[in-house]
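The next part holds the structures, each set out as C-alpha coordinates.
Next come two complexes, and both contain chain A; in the first it sits with chain B, in the second with chain C.
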Partner chain A sequence: MKIKKGFVVRTVGGECVAVPVGEMSKNFHGMINLNGTAEFLWNFYSEEHSLDEGVAALLNEYDVDESLARADVERFMGILLKNGFAE
Partner chain B sequence: MDSPNNVEDTQKLKIEEVLLREGKYVGPTVGTSMLPMLKQRRDTIVVRPKTEKLKPLDVALYRRGNNYVLHRVLYPTESGYVIRGDNCYADEIVPEEDVFGVLTEFFHKDKHVLCTDESYLRYARRIVKNYPRRRFWMRLKQKIKNAVKSVLKFFGWKRKK
Partner chain C sequence: MIYNIADLRIDIRNQYPYTTRFCAAYLSDDQQTAVDIVATATAEELQKEKMQSPNFPDGYIENICLYRNICLQLPPFNRMLLHAAVLEYNGNAYAFLGRSGTGKSTHTGLWLQAFKGAKIVNGDKPILQINDDGVIAYGTPWMGKEGRGSNTKAPLKGLCFLEQAKENSIRRLSPAEVASKLFLQLLLPTEENAATKTLELADRLINAVPAWLLKCDISEAAVQCSFEEMTKQSFAEAKGRGL
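Entry: the complex of A and B
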(Lines of atoms letter the chains of each structure in order from A and count residues from 1; the text may use other names and numbers.)
(Lines give C-alpha, C1' and ligand atoms only; values in the text may rest on other atoms or scores of the structure.)
Protein backbone atom coordinates (compact mmCIF):
# COMPACT_ATOMS: atom_id res chain seq x y z
CA MET A 1 0.00 0.00 0.00
CA LYS A 2 1.09 3.50 -0.74
CA ILE A 3 -0.32 7.02 -0.46
CA LYS A 4 -1.07 8.40 -3.90
CA LYS A 5 1.00 11.23 -5.31
CA GLY A 6 -0.62 14.66 -5.22
CA PHE A 7 -0.47 15.66 -1.57
CA VAL A 8 1.77 17.99 0.36
CA VAL A 9 2.06 18.00 4.12
CA ARG A 10 1.99 21.48 5.66
CA THR A 11 2.58 22.45 9.26
CA VAL A 12 0.17 25.17 10.35
CA GLY A 13 0.14 26.41 13.92
CA GLY A 14 2.11 23.36 15.00
CA GLU A 15 -0.41 20.98 13.44
CA CYS A 16 0.16 18.80 10.41
CA VAL A 17 -2.27 18.90 7.52
CA ALA A 18 -2.13 17.04 4.22
CA VAL A 19 -3.42 19.10 1.32
CA PRO A 20 -4.04 18.03 -2.27
CA VAL A 21 -2.14 19.67 -5.11
CA GLY A 22 -2.17 19.33 -8.88
CA GLU A 23 -4.54 16.78 -10.39
CA MET A 24 -5.52 15.45 -6.97
CA SER A 25 -7.01 18.84 -6.03
CA LYS A 26 -9.51 18.53 -8.89
CA ASN A 27 -11.31 15.75 -7.07
CA PHE A 28 -10.62 16.65 -3.46
CA HIS A 29 -10.49 20.23 -2.17
CA GLY A 30 -10.29 19.52 1.52
CA MET A 31 -7.72 19.12 4.21
CA ILE A 32 -6.65 16.03 6.12
CA ASN A 33 -5.68 16.70 9.71
CA LEU A 34 -2.85 14.48 10.82
CA ASN A 35 -2.07 13.87 14.47
CA GLY A 36 1.33 12.53 15.50
CA THR A 37 0.59 8.90 14.64
CA ALA A 38 -1.18 9.75 11.41
CA GLU A 39 1.73 11.96 10.36
CA PHE A 40 4.13 9.12 11.07
CA LEU A 41 2.04 6.65 9.05
CA TRP A 42 1.51 9.18 6.26
CA ASN A 43 5.25 9.62 5.87
CA PHE A 44 5.84 5.88 6.16
CA TYR A 45 3.28 5.03 3.49
CA SER A 46 4.54 7.69 1.10
CA GLU A 47 6.51 4.71 -0.17
CA GLU A 48 5.11 1.27 -0.88
CA HIS A 49 4.82 -0.82 2.28
CA SER A 50 2.68 -3.71 3.45
CA LEU A 51 0.32 -3.59 6.41
CA ASP A 52 2.70 -5.71 8.48
CA GLU A 53 5.56 -3.36 7.75
CA GLY A 54 3.42 -0.44 8.89
CA VAL A 55 2.59 -2.24 12.14
CA ALA A 56 6.26 -3.06 12.70
CA ALA A 57 7.25 0.56 12.05
CA LEU A 58 4.61 1.80 14.49
CA LEU A 59 5.76 -0.67 17.16
CA ASN A 60 9.30 0.48 16.62
CA GLU A 61 8.31 4.12 17.00
CA TYR A 62 5.72 3.94 19.79
CA ASP A 63 5.38 2.02 23.02
CA VAL A 64 2.12 0.29 22.17
CA ASP A 65 0.85 -3.27 21.98
CA GLU A 66 0.64 -4.98 18.63
CA SER A 67 -3.12 -5.41 18.47
CA LEU A 68 -3.71 -1.67 18.94
CA ALA A 69 -0.97 -0.80 16.43
CA ARG A 70 -2.48 -3.20 13.88
CA ALA A 71 -5.97 -1.83 14.45
CA ASP A 72 -4.71 1.73 13.97
CA VAL A 73 -2.79 0.95 10.79
CA GLU A 74 -5.79 -0.94 9.39
CA ARG A 75 -8.11 1.93 10.26
CA PHE A 76 -5.76 4.56 8.84
CA MET A 77 -5.17 2.74 5.59
CA GLY A 78 -8.84 1.77 5.37
CA ILE A 79 -9.87 5.42 5.50
CA LEU A 80 -7.27 6.42 2.92
CA LEU A 81 -8.20 3.57 0.57
CA LYS A 82 -11.90 4.27 0.94
CA ASN A 83 -11.40 7.91 0.03
CA GLY A 84 -9.08 7.13 -2.85
CA PHE A 85 -6.01 8.67 -1.22
CA ALA A 86 -4.01 5.44 -1.24
CA GLU A 87 -3.53 2.57 -3.65
CA MET B 1 0.19 7.09 20.98
CA ASP B 2 -2.84 8.87 19.61
CA SER B 3 -4.95 6.97 17.12
CA PRO B 4 -4.90 8.31 13.57
CA ASN B 5 -7.70 10.77 12.83
CA ASN B 6 -10.81 10.00 10.98
CA VAL B 7 -10.63 11.92 7.70
CA GLU B 8 -14.11 10.94 6.58
CA ASP B 9 -15.99 13.62 8.52
CA THR B 10 -13.98 16.61 7.36
CA GLN B 11 -14.16 15.70 3.69
CA LYS B 12 -17.82 16.46 3.22
CA LEU B 13 -18.01 19.73 5.11
CA LYS B 14 -18.32 23.16 3.54
CA ILE B 15 -15.46 25.58 4.16
CA GLU B 16 -17.65 27.62 6.54
CA GLU B 17 -18.27 24.47 8.57
CA VAL B 18 -14.60 23.52 8.57
CA LEU B 19 -13.74 27.01 9.86
CA LEU B 20 -16.26 26.67 12.64
CA ARG B 21 -15.12 23.19 13.59
CA GLU B 22 -11.38 23.42 13.12
CA GLY B 23 -10.75 27.15 13.48
CA LYS B 24 -8.90 27.11 10.19
CA TYR B 25 -9.15 25.87 6.65
CA VAL B 26 -6.02 24.68 4.86
CA GLY B 27 -6.47 23.87 1.20
CA PRO B 28 -5.52 24.28 -2.42
CA THR B 29 -6.41 27.28 -4.56
CA VAL B 30 -8.25 27.26 -7.85
CA GLY B 31 -8.24 30.05 -10.42
CA THR B 32 -5.85 32.73 -11.57
CA SER B 33 -7.36 35.80 -9.94
CA MET B 34 -4.71 36.04 -7.22
CA LEU B 35 -1.68 35.53 -9.42
CA PRO B 36 1.24 35.98 -8.99
CA MET B 37 0.79 35.41 -5.26
CA LEU B 38 -1.25 32.20 -5.48
CA LYS B 39 -0.84 29.71 -8.28
CA GLN B 40 -3.75 27.35 -8.69
CA ARG B 41 -3.39 23.74 -7.61
CA ARG B 42 0.16 24.38 -6.44
CA ASP B 43 -0.03 26.81 -3.53
CA THR B 44 -1.79 26.25 -0.23
CA ILE B 45 -3.93 28.77 1.61
CA VAL B 46 -4.62 29.00 5.33
CA VAL B 47 -7.87 30.80 6.10
CA ARG B 48 -9.23 31.59 9.55
CA PRO B 49 -12.70 32.79 10.51
CA LYS B 50 -13.38 36.51 10.25
CA THR B 51 -13.57 37.87 13.77
CA GLU B 52 -13.54 41.60 13.06
CA LYS B 53 -14.05 44.07 10.24
CA LEU B 54 -11.39 43.41 7.61
CA LYS B 55 -8.83 46.07 6.74
CA PRO B 56 -7.43 47.19 3.40
CA LEU B 57 -4.93 44.63 2.02
CA ASP B 58 -6.57 41.76 3.93
CA VAL B 59 -7.54 38.87 1.66
CA ALA B 60 -11.16 37.92 2.23
CA LEU B 61 -12.82 34.56 1.65
CA TYR B 62 -16.44 34.98 0.65
CA ARG B 63 -19.25 33.29 -1.18
CA ARG B 64 -20.41 34.33 -4.63
CA GLY B 65 -23.40 32.12 -5.33
CA ASN B 66 -22.14 28.55 -5.08
CA ASN B 67 -18.50 29.51 -5.44
CA TYR B 68 -15.88 30.55 -2.95
CA VAL B 69 -13.80 33.59 -3.81
CA LEU B 70 -10.55 34.73 -2.24
CA HIS B 71 -9.80 38.34 -3.17
CA ARG B 72 -8.12 41.37 -1.64
CA VAL B 73 -9.97 44.06 0.28
CA LEU B 74 -9.33 47.49 -1.20
CA TYR B 75 -11.32 49.31 1.46
CA PRO B 76 -14.20 48.62 3.82
CA THR B 77 -17.55 50.33 3.38
CA GLU B 78 -20.38 50.70 5.87
CA SER B 79 -22.13 47.57 4.69
CA GLY B 80 -19.23 45.50 3.39
CA TYR B 81 -16.14 45.80 1.26
CA VAL B 82 -14.79 46.85 -2.08
CA ILE B 83 -12.70 43.91 -3.19
CA ARG B 84 -10.53 43.01 -6.16
CA GLY B 85 -8.35 40.03 -7.09
CA ASP B 86 -4.67 40.84 -7.56
CA ASN B 87 -4.89 39.66 -11.16
CA CYS B 88 -8.33 41.16 -11.87
CA TYR B 89 -9.40 44.43 -13.40
CA ALA B 90 -12.85 44.93 -11.91
CA ASP B 91 -13.85 45.87 -8.38
CA GLU B 92 -16.57 43.99 -6.56
CA ILE B 93 -18.85 45.23 -3.82
CA VAL B 94 -19.26 42.42 -1.31
CA PRO B 95 -21.70 42.59 1.60
CA GLU B 96 -20.31 42.03 5.07
CA GLU B 97 -22.41 38.90 5.62
CA ASP B 98 -20.92 37.12 2.59
CA VAL B 99 -17.40 37.37 3.97
CA PHE B 100 -16.62 34.67 6.49
CA GLY B 101 -12.89 34.14 6.40
CA VAL B 102 -9.56 35.88 6.06
CA LEU B 103 -6.28 34.61 4.67
CA THR B 104 -3.73 34.52 7.48
CA GLU B 105 -0.91 32.61 5.84
CA PHE B 106 -0.11 30.71 2.68
CA PHE B 107 2.51 28.52 1.06
CA HIS B 108 3.90 29.93 -2.18
CA LYS B 109 5.56 26.85 -3.67
CA ASP B 110 7.10 25.64 -0.42
CA LYS B 111 7.72 29.05 1.07
CA HIS B 112 5.58 29.69 4.13
CA VAL B 113 4.35 33.29 4.21
CA LEU B 114 2.50 34.93 7.09
CA CYS B 115 0.14 37.75 6.11
CA THR B 116 1.67 39.85 8.87
CA ASP B 117 5.18 39.63 7.37
CA GLU B 118 6.49 43.04 6.40
CA SER B 119 7.79 41.75 3.05
CA TYR B 120 4.34 40.36 2.25
CA LEU B 121 2.64 43.63 3.22
CA ARG B 122 5.07 45.52 0.99
CA TYR B 123 4.06 43.21 -1.87
CA ALA B 124 0.36 43.74 -1.14
CA ARG B 125 0.73 47.53 -1.05
CA ARG B 126 2.70 47.45 -4.31
CA ILE B 127 0.15 45.28 -6.12
CA VAL B 128 -2.68 47.66 -5.16
CA LYS B 129 -0.65 50.76 -5.95
CA ASN B 130 0.39 49.45 -9.38
CA TYR B 131 -3.16 48.60 -10.40
CA PRO B 132 -3.77 51.71 -12.60
CA ARG B 133 -0.52 51.00 -14.47
CA ARG B 134 -1.42 47.33 -14.92
CA ARG B 135 -4.86 48.25 -16.16
CA PHE B 136 -3.40 50.77 -18.62
CA TRP B 137 -1.01 48.20 -20.10
CA MET B 138 -3.71 45.54 -20.20
CA ARG B 139 -6.06 47.85 -22.12
CA LEU B 140 -3.28 48.93 -24.46
CA LYS B 141 -2.39 45.30 -25.13
CA GLN B 142 -6.04 44.51 -25.82
CA LYS B 143 -6.34 47.47 -28.22
CA ILE B 144 -3.21 46.42 -30.11
CA LYS B 145 -4.52 42.86 -30.31
CA ASN B 146 -7.86 44.08 -31.68
CA ALA B 147 -6.13 46.39 -34.17
CA VAL B 148 -3.97 43.53 -35.46
CA LYS B 149 -7.07 41.35 -35.77
CA SER B 150 -8.87 44.08 -37.76
CA VAL B 151 -5.91 44.53 -40.13
CA LEU B 152 -5.66 40.76 -40.68
CA LYS B 153 -9.39 40.57 -41.31
CA PHE B 154 -9.29 43.54 -43.72
CA PHE B 155 -6.63 41.90 -45.88
CA GLY B 156 -8.17 38.47 -45.48
CA TRP B 157 -5.04 37.07 -43.87
CA LYS B 158 -4.98 34.39 -41.26
CA ARG B 159 -2.49 34.11 -38.42
CA LYS B 160 -0.16 31.12 -38.50
CA LYS B 161 -0.88 28.72 -35.70
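Entry: the complex of A and C
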Protein backbone atom coordinates (compact mmCIF):
# COMPACT_ATOMS: atom_id res chain seq x y z
CA MET A 1 0.00 0.00 0.00
CA LYS A 2 1.02 3.58 -0.51
CA ILE A 3 -0.22 7.10 0.04
CA LYS A 4 -1.77 8.64 -3.05
CA LYS A 5 -0.23 11.64 -4.71
CA GLY A 6 -1.99 14.94 -4.19
CA PHE A 7 -0.76 16.17 -0.84
CA VAL A 8 1.68 18.85 0.17
CA VAL A 9 3.38 18.09 3.50
CA ARG A 10 4.96 20.97 5.41
CA THR A 11 5.82 21.96 8.95
CA VAL A 12 3.90 25.02 10.08
CA GLY A 13 4.43 26.43 13.56
CA GLY A 14 6.36 23.27 14.46
CA GLU A 15 3.42 21.03 13.50
CA CYS A 16 3.47 18.81 10.44
CA VAL A 17 0.43 19.06 8.19
CA ALA A 18 -0.66 17.40 4.96
CA VAL A 19 -2.81 19.54 2.69
CA PRO A 20 -4.68 18.21 -0.36
CA VAL A 21 -3.89 19.77 -3.75
CA GLY A 22 -5.10 19.31 -7.31
CA GLU A 23 -7.63 16.50 -7.85
CA MET A 24 -7.37 15.41 -4.21
CA SER A 25 -8.55 18.84 -3.03
CA LYS A 26 -11.85 18.41 -4.90
CA ASN A 27 -12.90 15.52 -2.67
CA PHE A 28 -11.26 16.52 0.58
CA HIS A 29 -11.50 20.03 2.00
CA GLY A 30 -9.33 20.28 5.04
CA MET A 31 -5.97 19.17 6.28
CA ILE A 32 -4.38 16.34 8.19
CA ASN A 33 -2.28 16.99 11.27
CA LEU A 34 0.60 14.55 11.53
CA ASN A 35 2.35 13.80 14.83
CA GLY A 36 5.90 12.44 14.87
CA THR A 37 4.99 8.81 14.17
CA ALA A 38 2.39 9.79 11.59
CA GLU A 39 4.90 12.00 9.78
CA PHE A 40 7.38 9.13 9.73
CA LEU A 41 4.81 6.69 8.36
CA TRP A 42 3.54 9.23 5.84
CA ASN A 43 7.04 9.58 4.41
CA PHE A 44 7.63 5.84 4.51
CA TYR A 45 4.41 5.01 2.70
CA SER A 46 4.93 7.64 0.02
CA GLU A 47 6.54 4.59 -1.65
CA GLU A 48 4.77 1.23 -1.95
CA HIS A 49 5.37 -0.89 1.17
CA SER A 50 3.65 -3.77 2.94
CA LEU A 51 2.22 -3.61 6.45
CA ASP A 52 5.14 -5.69 7.78
CA GLU A 53 7.67 -3.35 6.19
CA GLY A 54 6.02 -0.41 7.89
CA VAL A 55 6.14 -2.17 11.26
CA ALA A 56 9.83 -3.03 10.76
CA ALA A 57 10.62 0.57 9.78
CA LEU A 58 8.83 1.89 12.84
CA LEU A 59 10.67 -0.55 15.14
CA ASN A 60 13.92 0.57 13.59
CA GLU A 61 13.12 4.23 14.23
CA TYR A 62 11.35 4.16 17.58
CA ASP A 63 11.93 2.29 20.81
CA VAL A 64 8.55 0.51 20.95
CA ASP A 65 7.48 -3.11 21.14
CA GLU A 66 6.24 -4.84 18.04
CA SER A 67 2.58 -5.19 19.00
CA LEU A 68 2.32 -1.45 19.62
CA ALA A 69 4.12 -0.64 16.36
CA ARG A 70 1.81 -2.97 14.43
CA ALA A 71 -1.26 -1.43 16.04
CA ASP A 72 0.02 2.05 15.12
CA VAL A 73 0.65 1.19 11.48
CA GLU A 74 -2.68 -0.64 11.15
CA ARG A 75 -4.59 2.24 12.69
CA PHE A 76 -2.80 4.96 10.72
CA MET A 77 -2.97 3.26 7.34
CA GLY A 78 -6.52 2.13 8.11
CA ILE A 79 -7.59 5.77 8.46
CA LEU A 80 -5.82 6.75 5.24
CA LEU A 81 -7.25 3.81 3.28
CA LYS A 82 -10.76 4.41 4.58
CA ASN A 83 -10.62 8.06 3.50
CA GLY A 84 -9.17 7.28 0.10
CA PHE A 85 -5.82 8.92 0.86
CA ALA A 86 -3.95 5.63 0.39
CA GLU A 87 -4.40 2.64 -1.91
CA MET B 1 -6.62 48.75 -16.07
CA ILE B 2 -3.48 48.51 -13.97
CA TYR B 3 -3.64 49.02 -10.21
CA ASN B 4 -1.06 49.20 -7.44
CA ILE B 5 -2.20 46.81 -4.74
CA ALA B 6 0.10 45.51 -1.99
CA ASP B 7 3.08 47.04 -3.83
CA LEU B 8 2.35 44.89 -6.89
CA ARG B 9 1.30 46.00 -10.34
CA ILE B 10 -1.95 44.19 -11.03
CA ASP B 11 -3.79 44.26 -14.34
CA ILE B 12 -7.45 43.67 -13.54
CA ARG B 13 -9.43 42.63 -16.60
CA ASN B 14 -13.03 43.09 -15.60
CA GLN B 15 -16.02 43.01 -17.95
CA TYR B 16 -18.40 44.92 -15.68
CA PRO B 17 -17.83 48.54 -14.54
CA TYR B 18 -18.35 47.65 -10.86
CA THR B 19 -14.70 46.74 -10.24
CA THR B 20 -13.36 49.83 -12.01
CA ARG B 21 -15.22 52.06 -9.55
CA PHE B 22 -14.46 49.73 -6.66
CA CYS B 23 -10.68 49.89 -7.22
CA ALA B 24 -10.46 53.55 -8.32
CA ALA B 25 -8.35 54.63 -5.31
CA TYR B 26 -5.68 52.08 -6.30
CA LEU B 27 -5.39 52.98 -9.99
CA SER B 28 -1.77 53.21 -11.17
CA ASP B 29 -0.43 56.35 -12.82
CA ASP B 30 1.63 54.06 -15.02
CA GLN B 31 -0.57 52.09 -17.40
CA GLN B 32 2.39 51.06 -19.61
CA THR B 33 5.10 49.17 -17.72
CA ALA B 34 4.97 45.39 -17.24
CA VAL B 35 2.68 43.99 -14.55
CA ASP B 36 3.20 41.33 -11.85
CA ILE B 37 -0.26 39.79 -11.98
CA VAL B 38 -3.04 39.63 -14.56
CA ALA B 39 -6.40 39.05 -12.90
CA THR B 40 -9.32 37.56 -14.79
CA ALA B 41 -12.50 35.73 -13.87
CA THR B 42 -13.44 32.79 -16.06
CA ALA B 43 -17.03 32.05 -17.06
CA GLU B 44 -16.85 28.90 -14.96
CA GLU B 45 -15.74 30.84 -11.87
CA LEU B 46 -18.48 33.42 -12.38
CA GLN B 47 -21.07 30.67 -12.72
CA LYS B 48 -19.91 28.96 -9.55
CA GLU B 49 -19.92 32.18 -7.54
CA LYS B 50 -23.33 33.12 -8.94
CA MET B 51 -24.76 29.89 -7.59
CA GLN B 52 -23.56 30.79 -4.11
CA SER B 53 -24.90 34.36 -4.25
CA PRO B 54 -27.79 34.24 -6.75
CA ASN B 55 -29.27 37.59 -5.77
CA PHE B 56 -26.19 39.72 -6.36
CA PRO B 57 -25.49 41.70 -9.55
CA ASP B 58 -23.01 40.27 -12.07
CA GLY B 59 -20.48 43.07 -11.47
CA TYR B 60 -20.41 42.25 -7.77
CA ILE B 61 -20.02 38.53 -8.48
CA GLU B 62 -17.18 39.25 -10.89
CA ASN B 63 -15.54 41.48 -8.30
CA ILE B 64 -15.44 38.63 -5.76
CA CYS B 65 -14.00 36.25 -8.38
CA LEU B 66 -11.32 38.75 -9.37
CA TYR B 67 -10.06 39.17 -5.82
CA ARG B 68 -9.91 35.41 -5.33
CA ASN B 69 -8.01 35.17 -8.61
CA ILE B 70 -5.54 37.83 -7.45
CA CYS B 71 -5.08 36.21 -4.04
CA LEU B 72 -4.38 32.78 -5.53
CA GLN B 73 -1.57 34.36 -7.54
CA LEU B 74 0.04 36.13 -4.55
CA PRO B 75 2.21 33.39 -2.96
CA PRO B 76 5.14 33.59 -5.44
CA PHE B 77 5.39 37.28 -4.47
CA ASN B 78 5.69 36.36 -0.76
CA ARG B 79 2.21 37.65 -0.20
CA MET B 80 -1.07 36.12 0.89
CA LEU B 81 -4.59 36.97 1.88
CA LEU B 82 -5.47 36.97 5.56
CA HIS B 83 -9.03 37.03 6.82
CA ALA B 84 -8.69 39.59 9.61
CA ALA B 85 -9.45 43.11 10.71
CA VAL B 86 -6.18 45.04 10.70
CA LEU B 87 -5.74 48.41 12.33
CA GLU B 88 -2.82 50.79 12.49
CA TYR B 89 -1.73 52.53 15.65
CA ASN B 90 1.44 54.57 16.09
CA GLY B 91 2.82 53.35 12.75
CA ASN B 92 2.33 49.65 13.51
CA ALA B 93 -0.35 47.25 12.35
CA TYR B 94 -2.24 44.77 14.54
CA ALA B 95 -4.45 42.03 13.14
CA PHE B 96 -7.58 40.78 14.89
CA LEU B 97 -8.81 37.36 13.84
CA GLY B 98 -11.65 35.01 14.59
CA ARG B 99 -14.56 33.21 13.04
CA SER B 100 -17.26 35.46 11.63
CA GLY B 101 -19.30 36.93 14.43
CA THR B 102 -16.62 36.85 17.14
CA GLY B 103 -16.44 40.64 17.22
CA LYS B 104 -13.48 41.70 15.05
CA SER B 105 -15.35 44.78 13.83
CA THR B 106 -16.65 45.58 17.27
CA HIS B 107 -13.28 45.25 18.97
CA THR B 108 -11.38 47.29 16.36
CA GLY B 109 -14.22 49.84 16.47
CA LEU B 110 -13.60 50.22 20.21
CA TRP B 111 -9.92 50.87 19.49
CA LEU B 112 -10.89 53.69 17.12
CA GLN B 113 -13.12 55.18 19.83
CA ALA B 114 -10.31 55.05 22.38
CA PHE B 115 -7.51 56.36 20.16
CA LYS B 116 -7.77 59.19 17.65
CA GLY B 117 -4.55 58.01 16.04
CA ALA B 118 -5.86 54.52 15.29
CA LYS B 119 -7.24 53.75 11.86
CA ILE B 120 -8.43 50.68 9.99
CA VAL B 121 -6.01 49.37 7.37
CA ASN B 122 -8.48 46.75 6.17
CA GLY B 123 -11.55 45.54 8.06
CA ASP B 124 -11.79 42.10 6.52
CA LYS B 125 -9.37 40.93 3.81
CA PRO B 126 -5.92 42.52 4.00
CA ILE B 127 -2.92 41.23 2.08
CA LEU B 128 0.26 40.43 3.98
CA GLN B 129 3.75 40.60 2.56
CA ILE B 130 5.87 38.14 4.53
CA ASN B 131 9.63 38.52 4.37
CA ASP B 132 12.39 37.20 6.59
CA ASP B 133 12.90 40.68 8.01
CA GLY B 134 9.27 41.33 8.81
CA VAL B 135 5.66 41.36 7.73
CA ILE B 136 3.74 44.21 6.10
CA ALA B 137 -0.05 44.52 6.16
CA TYR B 138 -1.68 46.24 3.20
CA GLY B 139 -5.02 47.89 2.70
CA THR B 140 -6.80 46.67 -0.44
CA PRO B 141 -10.03 47.70 -2.20
CA TRP B 142 -11.65 44.54 -0.80
CA MET B 143 -12.42 45.22 2.83
CA GLY B 144 -15.64 43.45 3.73
CA LYS B 145 -19.24 44.50 3.73
CA GLU B 146 -18.61 47.38 6.10
CA GLY B 147 -16.00 48.82 3.74
CA ARG B 148 -13.59 49.90 6.47
CA GLY B 149 -10.01 50.49 5.36
CA SER B 150 -7.70 52.63 3.31
CA ASN B 151 -4.92 52.50 0.74
CA THR B 152 -2.10 52.20 3.24
CA LYS B 153 0.46 49.78 4.69
CA ALA B 154 2.17 49.22 8.02
CA PRO B 155 4.50 46.66 9.62
CA LEU B 156 2.46 43.94 11.33
CA LYS B 157 3.38 43.62 15.01
CA GLY B 158 0.74 41.30 16.41
CA LEU B 159 -1.90 38.70 15.66
CA CYS B 160 -4.76 38.75 18.12
CA PHE B 161 -7.30 35.91 17.98
CA LEU B 162 -10.61 36.82 19.53
CA GLU B 163 -13.05 34.79 21.57
CA GLN B 164 -16.11 36.14 23.29
CA ALA B 165 -16.10 35.88 27.08
CA LYS B 166 -17.62 37.46 30.16
CA GLU B 167 -14.25 38.48 31.56
CA ASN B 168 -11.32 39.97 29.70
CA SER B 169 -8.03 38.11 29.57
CA ILE B 170 -5.19 37.73 27.15
CA ARG B 171 -2.39 35.18 26.75
CA ARG B 172 0.34 34.38 24.27
CA LEU B 173 -0.31 31.47 21.93
CA SER B 174 2.26 28.79 21.15
CA PRO B 175 3.29 28.36 17.50
CA ALA B 176 1.25 25.14 17.26
CA GLU B 177 -1.84 26.90 18.64
CA VAL B 178 -1.39 29.75 16.18
CA ALA B 179 -1.01 27.32 13.28
CA SER B 180 -4.32 25.57 13.99
CA LYS B 181 -6.18 28.88 14.35
CA LEU B 182 -4.45 30.58 11.44
CA PHE B 183 -5.38 27.89 8.91
CA LEU B 184 -9.04 28.83 9.32
CA GLN B 185 -8.26 32.41 8.22
CA LEU B 186 -6.18 31.68 5.13
CA LEU B 187 -7.03 31.07 1.51
CA LEU B 188 -5.25 27.79 0.78
CA PRO B 189 -4.67 27.39 -2.95
CA THR B 190 -5.30 23.96 -4.45
CA GLU B 191 -2.47 24.32 -6.97
CA GLU B 192 0.57 22.50 -5.58
CA ASN B 193 3.24 25.21 -5.83
CA ALA B 194 0.98 27.94 -4.53
CA ALA B 195 -0.19 25.70 -1.67
CA THR B 196 3.39 24.83 -0.71
CA LYS B 197 4.38 28.48 -0.76
CA THR B 198 1.34 29.49 1.31
CA LEU B 199 2.25 26.97 4.02
CA GLU B 200 5.81 28.29 3.97
CA LEU B 201 4.53 31.87 4.33
CA ALA B 202 2.20 30.83 7.17
CA ASP B 203 5.15 29.26 8.99
CA ARG B 204 7.22 32.39 8.47
CA LEU B 205 4.36 34.55 9.70
CA ILE B 206 4.02 32.48 12.87
CA ASN B 207 7.74 32.81 13.56
CA ALA B 208 7.92 36.54 12.77
CA VAL B 209 4.85 37.95 14.51
CA PRO B 210 3.75 37.27 18.10
CA ALA B 211 0.21 36.02 18.58
CA TRP B 212 -2.28 36.18 21.43
CA LEU B 213 -5.67 34.82 22.39
CA LEU B 214 -7.91 37.59 23.67
CA LYS B 215 -11.02 36.56 25.52
CA CYS B 216 -13.13 39.66 25.66
CA ASP B 217 -16.44 41.37 26.14
CA ILE B 218 -17.55 44.58 24.41
CA SER B 219 -15.94 47.29 26.51
CA GLU B 220 -13.04 49.66 26.83
CA ALA B 221 -11.55 47.24 29.34
CA ALA B 222 -11.25 44.75 26.48
CA VAL B 223 -9.29 47.31 24.45
CA GLN B 224 -7.04 48.00 27.44
CA CYS B 225 -6.34 44.29 27.61
CA SER B 226 -5.28 43.89 23.95
CA PHE B 227 -3.65 47.34 23.71
CA GLU B 228 -1.33 46.94 26.69
CA GLU B 229 -0.29 43.41 25.83
CA MET B 230 0.41 44.10 22.16
CA THR B 231 1.89 47.61 22.26
CA LYS B 232 3.57 47.29 25.70
CA GLN B 233 2.28 50.78 26.51
CA SER B 234 0.04 51.99 29.29
CA PHE B 235 -3.54 52.33 28.08
CA ALA B 236 -4.31 55.16 30.51
CA GLU B 237 -1.22 57.16 29.49
CA ALA B 238 -1.76 56.69 25.76
CA LYS B 239 -5.40 57.66 26.10
CA GLY B 240 -4.49 60.61 28.35
CA ARG B 241 -2.14 61.95 25.68
CA GLY B 242 -5.08 61.97 23.31
CA LEU B 243 -3.42 59.57 20.90
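One rule holds in what follows: the second predicted complex is superposed on the first by the 87 of 87 C-alpha atoms of A that agree within 3 Å, B and C clash if a C-alpha of one lies under 4 Å from a C-alpha of the other, contacts with A are read in each partner's own complex, and residues count from 1 in each chain.
In this section, a residue touches a chain if its C-beta (ideal position, glycine included) is under 8 Å from a C-beta of that chain, and two chains touch if they have at least 3 such contacts.
In this text the structure is predicted, and so the values were computed from the model without any measurement.
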Checklist entry - Looking at the overlay on chain A, is there a clash between chain B and chain C, or do the two fit? => result clash
Checklist outcome for this item: Comparing chain B and chain C in the superposed model, the one touching more of chain A is B
Item to check | chain B versus chain C as contact partner of A:20, first or second or both or neither | outcome: both
Checklist entry - After superposition on the shared chain, which partner residues are touched by A:32: those of chain B (first), chain C (second), both, or neither? => result first
Checklist entry - With the two structures laid over each other on chain A, which partner does A:12 touch: chain B (first), chain C (second), both, or neither? => result both
Checklist entry - Which of 5-13, 41-49, 167-175 or 221-229 in chain C clashes with chain B after superposition? => result 5-13
Checklist entry - Which residues would you name on chain A as touching chain B in one complex and chain C in the other? => result 8, 10, 12-13, 17, 19-22, 25-26, 31, 33
Checklist entry - In their complex, what parts of chain A are in touch with chain C? => result 8, 10-15, 17, 19-22, 25-26, 31, 33
Checklist outcome for this item: The answer for chain C against chain A in the complex is residues 174-180, 182-183, 188-192, 195-196, 199-200, 202-203, 206-207
Item to check | List of chain A residues in touch with chain B within their complex | outcome: 8, 10, 12-13, 17, 19-23, 25-26, 28-38, 41, 58, 62-64, 68-69, 72, 75-76, 79-80, 82-83, 85
Next on the checklist: With touch defined as at the start, can you tell me which chain B residues reach chain A in the complex?
Outcome noted: 1-8, 10-11, 13, 18, 22, 24-28, 30, 41-42, 44, 46, 105, 107, 110, 112
